[in-house]
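By letter and in written order, the chains are A, B, C and D; residue numbering begins at 1 in each of them.
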Amino acid sequence: MTNISPEQFTLIQLWFAGICTLAIYSLLYKENPVYRIFEYMFLGLGSAYGFSFLYKDVMIPKLWDPLTQGQWWWFIPFLFGLLYFTVYSGKFSWMARTLIGTLMGLAAGYQFTQVVNQYFPQIRDSFRPLTPAAVEAVRAANDVVTTQPAWQEAANNLVFFITLIAVMTYFFFSFEHRNKAVVKTAQLGRWLLMISFGTMFGSTITARAALAISRIIFIVYDWIGHYTGWKM
Amino acid sequence: MQHASWTVGILLALLAGLILYAIFTARRGKRLFIRRIPGLNAIDEAVGRAAEMGRPMLFATGLSGLDINGLQALAVAGHVARVAARYATRLILCVADPQLYAIGEETVRDAYQRAGRPELFVPEDVRFLSDQQFAFATAASGVMFREKVSSNFFFGYYYAEALILSEAGQSIGAMQVAGTPATTQLPFFVVSCDYTIMGEEYYATTAYLTREPTLLGSVVGQDWGKIIILLLIVFSTLALSVAPNANWVKYWVNLFPAG
Amino acid sequence: MKEFFATPRHGWELTGFITACAVIFFLILFVIHLTPSSFKKRMTIVLTFVAGLYYLLEFLIPAETHIGSRVVTNPLTSFKEPLSTALMITGSLALLLGVYNLFRINGRLLMRRKTGWQNGLAFFIGFFSMLTMAMLNFYFPTGRTPEEIAKLKPLAQTFANGADQWKGWYNVLFYGGFSALGATVFSLLAFYIVSAAYRAFRVRSPEAVMLLAAAMIMMLGLTPLGTYFLTGWIQPDSALAGLKMESIAEWILTILNGAAQRALIFGIAVGLIATSLRIWLSLERGQFFDVEM
Amino acid sequence: MGNIDRRILYLIALLVMTLPLFLKLPLPIADNKRSLDAFDAIEKVDQSKGNQVILLSVNFSPDTKGESLPQARAMVVHMLQRSKKFIIYTMSSTGVAGQQMVDDEAKAIAAELTKQGKPRAYGKDWANMGYKPASSPILEGMARNVPGFFTKDSRGTPVDQLPVMDNIKTADDIGMVIDVSPTASYELWIQALTSKFDIPLLLAPTSVMVPDTYPYLISGQAQGELRGVLGAAEYESLLVKNKMADQSSVGTRVMTSMAALNAYIMILIILGNVTYFRSLRKGEVTK
């Protein structure tokens, strides 16, 4: 077998990546057989990558290595994992169901701790002073130095407070929205929600454009440019 | 936070207690009111549409793993599968997490059985595609193109693949219903799907679909929980604004965990 | 008891322990298999509860409790690490199940020569080429010295000498294939966002106006279109600096968007607690699969 | 109702994004406080005592090259122009490709500068320290012993043979950390290093990640930021203003291309609404 030099590998990689890029972009015109071939190949590559990752990062270092070093107890979770394979059999599928039930319980229990860690701090962060005097007092207590005028922060906090209440009101399920104040607040909440969605949509466009531009740069400057000498 | 402080413990217990209380009141037969969520009626509509056109439907769980969001997605999938079985419509479930795939297989099989049509269940229609984000998105879009699906359901936790899937569905003219607690992807579902179930409505979905007292009670309990949080915020904000230097206010605020 | 479970075994002892594990495990399964399905169902409910209780208790019990003069550390915490490792091992077997499913579907496509059998072939080529190169690259890494290679078995030496080749092919497949495909699929979003904006941003209702206005402000605030052409004349330190397009965009992003997001998040937090409770206490009757076992 | 075929929309989008890359339109860039802060922070790094090396943490893969590379490049130009010593490091295995790109850019810029009579060389002015996985405890270990952490560069040269690493012993000898990354890797730096040892931190996130970084800038845990490729463009215009570059380059062109896409989308939205209102007047719309 002749050995392939690093330069040759670079070229192969370049061409392969180029063809892959064009194949996927052909979808923008129309779904077609070439695209389909690359779609399936991508699935194959991805699954094998996921699989080899698991093999290298879990099976070997967490199971095989400790087992061969005498830590026999790691064999027990492996045995439990085998129960997954009973899903297809009607008679023994209770084993998979029991395993899954246990895992669901673990997921639920873990979720409680996650909610607390992820979301509870946001409750406290929503306690914000609404008057300039109070803003200054809180700043002094926390040694915050900033050039922003206190009245500005107080005004921002007020807007924040109203938005929070309005949007939360919109989501109440168990009240018929009959009370006029509730109806109006919920309506305001829906509008603010839409502003929030618009904001996220608009701010994502630049980021997504960056991705496409990256690919264009690749095709034009890396791939074609390799032969024409174009440089960014 | 490695371990709960006592305030956190109390707050968690209070929220859980309210929800459980509401659940058991509902179970004892108390009638509970919940308002309409437009997107949820659309689920049955979408199944009906597929039955009429004689074409399959696709249900994708996004990148959800074996966690509460993923399980909730499968609970919705179970309901859709039951309706599908009733109309003898094909449902293709696409999953990105292998463990969730195993549960999905069981859930859909069970749904067909319960609808009295076990013979309609096709094991190949529950598919593990890939645990790699974009390989999953491409493969699920591929299923849409090749099976010419008439309706798409996107339930679960989504990342950037949300718009890839929903635009693929748009391009073949499928009716699309999405539901996700992933706040970053909601805008994209809102603009590209026919109906979007937003944020916490996602956890109330099964309650609306099944009208089970347990689930309805749980939805009412969620409302009570939110009222508690809202009251906490209103009270503390006002206290902080009126008496920012009072010791009890400082003590009170410090009871809550900071980020 | 603890000693029994924490002492590493070696040689024949190790084989014995592993075999015993398997035998006992399957014996227990066999015994449970004989019980009526109502028992299995109840057992699952109990296991679900106990499993969830572990994490909850571990979290609620403080790291250290002072009982009189004695300091008791949380007894559950020490199991957290091993448990998460065990769950990784158990979960990794599920991927085999997933791969089996992929093989079944694509194998059928290939074997039966159904339309699109080429696609099935593409899947297998992608899968096996990546798997082979990843494994060769793992077992025969680059950068070994000739002395290290000389210590290997003859066959392994042949493979080890080709380390650069395996690495090269792996790079072709990973960067040229997998990574390029992923990046390209991701970049489709730039195009999709165009068509979605064109289609969806029609001012049909007040809500659509809000959506549109906010999106427009962001588009202006994040590019020179707004920051230079519209409000570029305002100096960064002048009194009007707050009216600069990027300042307005940032204000909407952090204040309005921040508050709305947070309102969503509080609802989600409560929803998560409710759903977790239902699953933990097996109250989700009929949601998953609890009919005939 | 007057809908344009999506393929035409896509084709125009492709042109709109590609042409600015070729045309080199001189799109004016407004000054921004965050980029200015970043620029000043690099100016202020004082290496006169031979230490205070700048640690350039590069964690992007080819996927986000369009944004991350111009960011890194602009700062590398600045550092080489001002002869500030820096080392390139990556904490993610996928970051190796990005790291190599930055290293290559540095080589090209150094060659250019040498030609202009400002000699810059690898090993003396910068070094590529390769990939080392990181976590909070690992980085804390590095803080105690920097050469013990890096040991050798990506070419296999031991640290003690790299002049750039002379006098670099502990975290106190690190003058700044710059994090060019599409992920939240900056959190690790804040936790383990910069906040503890009072080391200035500059962020160069991709556009999507920008909102996530606000809290750290407001609290002063990060001193400056290049906000996506826009930040890179702003930085380039600062380089031009300070006579460190003749003309703005990659970042500004990518920025132009992005701005063009934004303008295109805005035009489409207006167009869509015009057709919508026309059809409304004709009474064609039912829904």
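Following the convention adopted for this analysis, contacts are C-beta pairs under 8 Å (C-beta built on N, C-alpha and C of every residue); 3 or more make two chains touch, one makes a residue touch a chain.
No experiment lies behind these values; they were computed from the predicted model shown.
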| item | value |
| --- | --- |
| Maximum inter-chain contact count - chain pair | A-C |
| Chain whose Cα centroid lies nearest the overall Cα centroid | A |
| Approximate Å spacing (C-alpha centroids) for the pair chain C, chain D | 28 |
| Whole-Å gap separating chain B and chain C, where each centre is the average of the chain's CA atoms | 18 |
| Between chain B and chain D, centroid-to-centroid distance (C-alpha), Å | 37 |
| Distance between chain centroids, defined by C-alpha means - chain A, chain D (Å) | 22 |
| Two or more partner chains touched - positions in chain B | 4, 12, 66, 68, 71, 99, 102-103, 106, 129, 131-132, 134-135, 138, 146, 186, 188, 190-191, 198-200, 204, 219, 222, 226, 229 |
| Per-residue overlap in chain A, given as positions that touch at least 2 other chains | 24, 28, 36, 39-40, 42-43, 45-47, 49-50, 84, 87, 93, 97, 103-104, 107-108, 110-112, 115-116, 120, 122-123, 126, 161, 164-165, 168, 171, 193, 197-198, 200-201, 203-206, 209, 211-215, 218 |
| Interface hub residues of chain D, defined as touching at least two other chains | 6, 10, 13-14, 17, 62-63, 207, 211, 230, 258, 261-262, 265 |
| Overall pattern in which the protein chains touch one another (line/ring/star/complete/other) | other |
| Those chain pairs that satisfy the touch definition | A-B, A-C, A-D, B-C, C-D |
| Of chain C, residues touching chain B in the complex | 58-63, 74, 77, 91, 94-99, 101-102, 104-105, 108, 116, 178, 181-182, 185-186, 188-189, 192-193, 195-197, 199-201, 211, 261, 264-268, 270-279, 283-289, 291-292 |
| Chain A partner contacts - residues on chain D that touch it in the complex | 7, 10, 13-14, 17-18, 21, 62-67, 206-208, 210-211, 218, 228-230, 249-250, 253-254, 257-258, 261-262, 265 |
| Touching residues on chain A, where the partner in the complex is chain C | 3-4, 6, 9, 12-17, 20-21, 24-25, 27-28, 33, 36-52, 54-56, 58-59, 62-63, 67, 69-82, 84-85, 87, 92-95, 97-99, 101-116, 118-120, 122-123, 126, 156, 159-161, 163-168, 171, 189-206, 208-209, 211-215, 218 |
| Partner chain C, residues of chain D touching it in the complex | 3-4, 6, 9-10, 13-14, 17, 27-33, 36, 61-63, 94, 97, 207, 211, 214, 230, 233, 255, 258-259, 261-266, 268-269, 271-273, 276 |
| Chain B partner contacts - residues on chain A that touch it in the complex | 24, 31, 36, 39-40, 42-43, 45-47, 49-50, 84, 87-88, 93, 96-97, 100, 103-104, 107-108, 110-112, 115-117, 120-131, 133-134, 137-138, 141, 161, 164-165, 168, 171-177, 193, 197-198, 200-201, 204 |
